[in-house]
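Chains here go by letter, A, B and C, matching the order in which they are written, and residues are numbered from 1 within each.
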């Protein structure tokens, strides 16, 4: 029964269908707002749905020299990983998240799955651009996973220490972290955690692969890198996975830093949660994307090591010393 | 750092500056836009300087006994306007019509084609292109006593004779029997 | 198949553009970039997006007179694009050869080798004319999907 419920959570709410609807809505709004920021009109809000519909009607081409199994499996792995991930995100006041034991660690292991799927597809496609995209994806992933780990550790240690009465401790359950914040105030307003929050804001465009960190999928340099050989329904699956990932990373950010609720009614809480996700997206993805160019891979790596890693390390040290 | 935020905020306030074209009528019509080439068939003399000057070889003039046909293929025209520049009678103009997209089956139909019919000379009966009135007005601007309507329908040879007669003080050819040879 | 029809009907609202430079002088390419980048001619309103990979393309915009040097590569890239696709010849060069017509290094016009659907002459064509060609291409795409006669 528990397993069945878990699968339902992964496929319908908050994973799967719900996350897909929200992710596509966010993506459409993202393109629209980006266009407005550049004085354009932009595509309609339903554009991600239309793109998916279009991709489903196109024919699928598999390169003759590709490793067929890995090539077909990669988008499915990316989608599945994110659907599972979405079920771990607690929506405060609505949903507690699946299996509330150490899900912060599980999330840390699950979050790179789309990037790994992308690398898998890129290297299986036997295209030189795919190979270049693979190596770039690898480098940028190493760059943004380090600050993420430190942010998660800082959060876990802060809450764990507090729950332990000032002694050593770490709390890796997202639900406990959310509950702690409801009792003691949001972590985003905690001066110790502000550097970590800034680091998370920089981590978001890195993990979502948007400008200025869209280096692995740069269409002008490596003709969309790992996605080069994909087309039709397989590419649609990658886009769906990316939409789920939008929901996951934004939801994780809100749950970790601003999980407050405003009333007891579940619908209002859900909308409040989504509104916070939206603000987080506009600040960290849309505004940055519409105003910046693209880093070179070495510049991006250096930037990630120098700025977000240092910010997250700063938070971690403060939490440790406190 | 704050500079780009200011620009973005201003953009947001000012709203989109997009021209509504494919979904509505356009608001953008530059003054000196070079669009389609148009030939004025009342002026074209078929001299062929446009054919010679066209860099893309888009212009063709076919001469027959009965007249000439000038054809400009828009799919080869590069809108350099050198035909307009060199046309001695200003018969060629570039209008502002930029709607040039068409389907493949119309590829050879997007042409500007004008046929000019020749008329017989009023004296010797040879087929000639009657000189357009506007050009005659310019040519005979200092000879106001000449009947333009009469001169218009004369072939070059007959016009020369007429001119010689007028210089010698003789009456015009129309009032006399036709001169032999 | 109602669902299939629904997908097809909506699919024409998401044309992804792919540009092939068949030896163009870059004039037409600049105008193509203009349609995407300059707010005045925002091509995203039609749901368009310039994509880097031929595998993602729906509407192919070909510029340039198809030089002898790039002939094989252009045909190869064009054949990589999945069906259904609409091919648009941008500028007079791919349509007729333009100012390079009958030159020793030109193997075009391009419709000798590739079935072209829409022509948009000009040297270069106005960005608005290119938008018009994309809109016309959408009509032809509908015909290819069997939605319109």
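The working rule: contacts are C-beta pairs under 8 Å (C-beta built on N, C-alpha and C of every residue); 3 or more make two chains touch, one makes a residue touch a chain.
What you see is a predicted model; the values in this text were computed from it and never measured.
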Most central chain, judged by mean C-alpha position against the global CA mean: C
Pair of chains joined by more contacts [C-beta pairs], A-C or A-B: A-C
Approximate Å spacing (C-alpha centroids) for the pair subunit B, subunit C: 33
CA centroid of subunit A to CA centroid of subunit B, Å: 64
Computed distance of Cα centres, subunit C from subunit A, in Å: 35
Contacts with 2+ other chains: residues of subunit B: 16-18
Subunit A residues counted as touching two or more neighbouring chains: 35, 38-42
Junction residues of subunit C, two or more chains touched: 39, 42, 45-46
Contact set on subunit C toward subunit B in their complex: 39-42, 45-46, 92, 95-99, 101, 111, 115-123, 125-126, 128-136, 140
Residue ranges of subunit A in contact with subunit B within the complex: 35-42, 287, 290-291
In the complex with subunit A, residue positions of subunit B that touch it: 4-5, 7-8, 11-12, 14-18
Of all residues in subunit A, those that touch subunit C in their complex: 31, 35, 38-44, 47, 49-51, 53-54, 56-61, 218-220, 223-224, 227-232, 235
Subunit C-facing residues of subunit B, complex: 16-19, 21-23, 26, 28, 33, 55-57, 73-80, 98-104, 106-107, 110
